[in-house]
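Next come two complexes built around subunit A: one with subunit B, the other with subunit C.
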Partner chain A sequence: MTEYLVRRFIQSLIVMFLISIVTFGLIHAAPGGPTQIFLSPGLSQEAAKAQAHNLGLDRPLPLQYLKWLGGFLQGDLGYTFKNHLPVGQILWPTVGHTMVLMGTSWLLSLFIAIPWGIYNSTKAYGWSDQTASFISYVGFAMPTFWFGILLQELFALKLNWLPLSDMWAIDKEGQIGDLLLHLVLPVSVLTLGFLAGYVKYARTSMLEVLEQDYIRTARAKGVRESRVIYRHGLRNALIPIITIIGLDLPILVSGAALTENVFNWPGMGRLFVEMALAREYSVLMAITIVTAVLVIVGNFIADLLYALVDPRVQLGRKGGTAA
Partner chain B sequence: MNEATTQERQHAAAVEPGWSNRNEGAAVSKSQSGVRLSGKLPKRPPGLWRTGINKFRRNPYAVAGLFVLILFIALAALAHYIAPYDPARIDLLNADAPPGTGNHLLGTDELGRDIWSRLLFSGQVSLSVGFAVAFVSVLIGTLVGSISGYFGGWIDAILMRLVDVMNAVPLLFLNILILAIFGSKFSYMILVLAFTSWMGVARLVRGTFLQLREMQYVEAARAIGVSNTGIIVRHLLRNATVPIIVTATLMVGGAILSESALSYLGLGIQSPDTSWGLMLSNAQEFMLLDPLQALYPGMCILIVVLAVNFVGDGIRDALDPRKQPVAERRRWSAWSRFLRSRT
Partner chain C sequence: MEPLLTIKDLTAGFATDNGAVKAIDRVSLSIGKGQTLCLVGESGSGKSVTSLAIMRLLEFAGGRILEGSIRLAGNELTDQTQRQMIRIRGNQMAMIFQEPMSALNPVFTVGDQIAESIRLHQRKRKSEAKQMAVDLLRMVGIPDPETRARQYPHELSGGMCQRVVIAIALACRPELLIADEPTTALDVTVQAQLLDLLQQLQRELGMSMLLITHDMGVAARMADQIAVMYAGVVVETGSVEALFDQPAHPYTVGLMQSVPSMEGERLSELRTIQGHVPSLHALPAGCRFHPRCPHAMPRCTSEAPPMMTVGTLQQAACWLYGDVAAGFAGAPDSDNGEAGG
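And then the complex of A and B:
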């Protein structure tokens, strides 16, 4: 077990290292390189050189990379080029906002999807199952941001029941009731998207278990049907479900670039798009690395959860199980 | 033996006498002319593809999906002849015309551009992105997966770490980053989207190869001196054809969704070109004035992707004889993972 943990940890470090190199390399591969984009326009050649020197842009790339990495590891995410603000100051609040939005949607969709999917597996191809199927197919084929725009048109503009966008009304910043009102529309959009997958996933996981021999044995020896399903079936069906929940943990932070843009939600996804259009590369790098770290941590947790709920799995022997 | 592969099964069926099928009449006359035996004849089995097509035809969703898809492709391909207006032609005098005004079937947008014409031309862009991305990413994925699965060892280790890296970066972010750096061009977009969606195919092909490369027929092929390329292409890849095709169809839908998302964010197709995603971002700006504008492009995306997915499911059901929930669960999880990276 310890050996496995250490190996996984080292693997993760290598992956992280590669990601940081790729991101850094991509940014410096930009036509003209950051030198041209970051320097103020209209400078004389001399002044431009001086500014490049001040920003450290005239040093060789590997050195720049090491300096950036060193700073990053100490929590210094760098500065924006436009107003010279610390990146951390811009980034961390948006992480929180994204987590509020994604966390609500994610938990809501899990709470609906898992019981529903399990119910559907016991009545496969019944009307409830067909409804779930319909929702899944439509949810999968529909651009989420389009659904968001339609909801805005209907509930915010036409009926005027809910706020159109943003996280708080201007004069009500920090009020929880106002936040809830603003959450309704984006959460509905995201929940539908997540629901589409989870319902089907829960259903098929459960169906798979219900076909096993031990279920037949339980039925044959006269165990009550409800007990067969909830005690013999459900406990085993939860294993893959828990695994996928672990694997999806990172969506808490890396998700909703599109939904955030539709609803003008001040989260990390919107920040990323905004900064990409403004070419604020230090912010982009920070976001990419931070989300990548969280994705890797999520995968790691998924593996551990997997071993925890399924006694058949022995992490050390099987190698990278769920990842 | 449940590890019998498609090929082997086909082979076994071919030598087994007395095989019968639904198209008995046609098969009899064919083999009779060739073999000339009297009495009951061993008929050629219909084979994987024939059976598949028959099964596909009996699936109403798949047939409907295919029909809709062909209709959309035809409309997009003939956009030049069907569209009443140049999609980029600005006509401020007739801006914001409601549907049915004059020659404007669906009205005009805030610059007086004909919405119906724009939808048709957008279809061209979206569909070609969809198919091109699916094609390129299947190519990349197959190449990486074959090399990784066939040679194994350190090559496999390196390539799989690459897959890990790609899977750990949020893909929508990566797309945005690359397009922001290199600029949005039609060809870039296809490459960028393909470059970020080949990992599924690579894993699939690698898995199949790992399973099959120890099979005796591969050993036999190697013994009689078939080259590595020959074994990979003829003996291993052919057994992965069906799952690759199924994944590819699903990828078409995914790419169309991704394209619309990027164009919506302003990082994809740029004006004066047009795509459904771009039309949506435009519609959102003017939704107070003209709420209907957002409806059409979104409906087009929904219908096309739905159709592609139905066709993909139909192909899977028709060609993949395994009807296990495992396979189905894996597919749903792959799709939803993809979808979650594009919310």
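And then the complex of A and C:
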């Protein structure tokens, strides 16, 4: 087990290193740059060059990368070009905000989707199943920003029941009740999006399990139907669902850029869009790295859960699990 | 003495896109206490459907019992609700299946799976049931049962898994054991061991057995009685001696001849039955075997033969044995009209 963890950790470091190189290259390959964006248009070529030199942007890319890497390894995420703020100070609060929004939506969708999908598998093509199918199609097909705007139009503008956007009213910052009110609309949008997939996965996975021979064996033993499904079926059906959940985990932090923009939610998704437009290289690098760490951690958690649910999977054993 | 299991005119089938299909048609069988009945026939002849219908598991496979009666120890099974059946299944009758590796739940230890069977039907504490599970594993010949009980199915071989499946089935000492091709998926040597084990356990527990097989060798070794099925109907029944000495139905004769012999001339060609089993959607009129039958007569093409007594312990559904006993086992098949006669 220890050996497995160590191996896994080293693999992760290599992956992170490669991701950082690729991201760094991509960001700098994008047309335009910080000098064009925040320097005044009237500035002379010489002055712009001098500015670029001051920021270190005229040096060869590999050198710029090494400088970034050196800072990163010492815990220095760099500073923004504009205002020269430390990246951490901008980034960390948005991570928390996104987790509140995404975590609520994600957990809510799981709590609805898994029991509902399982139930639907036992009554396939019944009215409940058809309803879930319909909601899934809507969830998949409808752009989240459009659905978000519709909800705002109805519940915030027409009915005036809920706040239009932001995380808190301007005079109520930090109050839980106000936060909950602000969560309702964006959470509805995001939950529908998650639910659309999960409810289908849960149903399909369980339907497949119910066809298995060991389910017939359970019935032949005289196990009553509810126990057949919830004891003999459920644990097997959860195995593929866990993979999907693990892969979705990073979204919790990387956020939903569109929804955060529509609802003016001060999260990481919105930050990424803003910073991409402003060519704030250091912030973009930091966001990418945080997301990459989460992808790796998410996969690792999924593998741990696998081993917990499925005795055939043994961590660290050859062929037991994909690294 | 009344037989333990009596099946009369059992008709069961599936609803398909092309309309309802009868997978078995008026099957009648009986098994005495402590006896073994082997149900033989090719794939698709309705053997498994018959066994699932008896267990009332056919409903879960999308099928339905349409007509007929299944009496187990005086109890009419077709009248039971599924709620009542869960007290009979695994208790009074139990079943083992063809694929031992997939018949066990991969996420529970084999000990737990056996103990569950015990606790479903008997008031036992968890620890007691666990101990009984270990004893059952020992009974089915698994070495080091204490360790094995804590293992998962994937840690066991196919033969071991089938022994576990047998242990699960026998946990509550059923009066009837239905075994659907229990050794087909296993190595020949393991097959022989398992058949021995089944025979020995049957003697010890005094249970009756319905053994489904397509292997005449297995039938010869295990059966007291044999019933031969073809395209959803029983074409011949009789004691194992009668059937092997003097098979009456041309299909049974064909089956016997297509068993490779270890004796006699080694170069003699292996006989086969021409043609193949008809689709349930396109059953031939009259006797279902007539298109493949070397003795087919005009009458066979229009009129389904009833079961006719051909010996003291033997019956066959074939016009070769004349009209003497017509009406003994029912009127001609209504599916095919009343033509001829």
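The working rule: the second predicted complex is superposed on the first by the 276 of 323 C-alpha atoms of A that agree within 3 Å, B and C clash if a C-alpha of one lies under 4 Å from a C-alpha of the other, contacts with A are read in each partner's own complex, and residues count from 1 in each chain.
Convention: a contact is a pair of C-beta atoms (placed from the backbone, for glycine too) under 8 Å apart; a residue touches a chain by one contact, two chains touch by 3 or more.
For clarity, every value in this text was computed on a predicted model and none was experimentally measured.
Chemist: Consider subunit A as the common anchor and indicate whether subunit B and subunit C clash or fit when overlaid.
Modeler: fit
Chemist: Now for A:212: first (subunit B), second (subunit C), both, or neither, which partner does it touch?
Modeler: It touches subunit C, and subunit B stays clear.
Chemist: Quick one: is A:312 in contact with subunit B, with subunit C, with both, or with neither? Answer first, second, both or neither.
Modeler: Second partner only, subunit C.
Chemist: After superposing on chain A, what angle in degrees do the C-alpha centres of subunit B and subunit C form at the C-alpha centre of subunit A, to the nearest 10?
Modeler: 70
Chemist: Return first, second, both or neither, reflecting whether A:91 touches subunit B, subunit C, both chains, or no partner chain.
Modeler: After superposing on A, A:91 lies clear of both subunit B and subunit C.
Chemist: Regarding the shared-chain residue A:241, is it in contact with subunit B (first), subunit C (second), both, or neither?
Modeler: In the superposed model, A:241 contacts neither subunit B nor subunit C.
Chemist: A:151 in the overlay: touching subunit B, subunit C, both, or neither? Say first, second, both or neither.
Modeler: After superposing on A, A:151 lies clear of both subunit B and subunit C.
Chemist: Which chain, subunit B or subunit C, is in touch with more residues of subunit A?
Modeler: In the superposed model, B touches more residues of subunit A.
Chemist: Tell me the contact category for A:132 with respect to subunit B and subunit C: first, second, both or neither.
Modeler: Neither partner.
Chemist: Looking at subunit B versus subunit C in the superposed three-chain picture, what is their shortest Cα distance in Å?
Modeler: Subunit B and subunit C, overlaid via chain A, are at closest 13 Å apart by C-alpha.
Chemist: Taking the touch rule as given, give the residues of subunit A at its contact with subunit B in the complex, in rising order.
Modeler: Within the complex, subunit A contacts subunit B at residues 11, 14-16, 18-19, 22-23, 26-27, 29-31, 136-147, 149-150, 152-153, 157-158, 189-190, 193-194, 196-198, 200-201, 204-205, 207-208, 211, 240, 244, 247-248, 250-251, 254-259, 261-262, 269, 272-273, 276-277, 279, 284, 287-288, 291-292, 295-296, 299, 323.
Chemist: Tell me, which parts of subunit A touch subunit C in their complex?
Modeler: Per the stated touch rule, the residues are 212-214, 216-225, 232, 235-236, 309-312.
Chemist: Once bound in the complex, which stretches of subunit C touch subunit A?
Modeler: Per the stated touch rule, the residues are 55, 57, 60-61, 82-83, 85-91, 94-95, 97, 99, 102-107, 109, 116-117, 120-121, 152, 154, 165, 168-169.
Chemist: Can you name the residues of subunit B that touch subunit A in the complex?
Modeler: Residues 161-162, 164-165, 167-170, 172-174, 176-183, 253, 257, 260-261, 264-267, 277, 280, 283-284, 287-288, 291, 294-295, 297-298, 301-302, 305-306, 309-310, 324-326, 328-329, 332-333, 335-337, 339-343.
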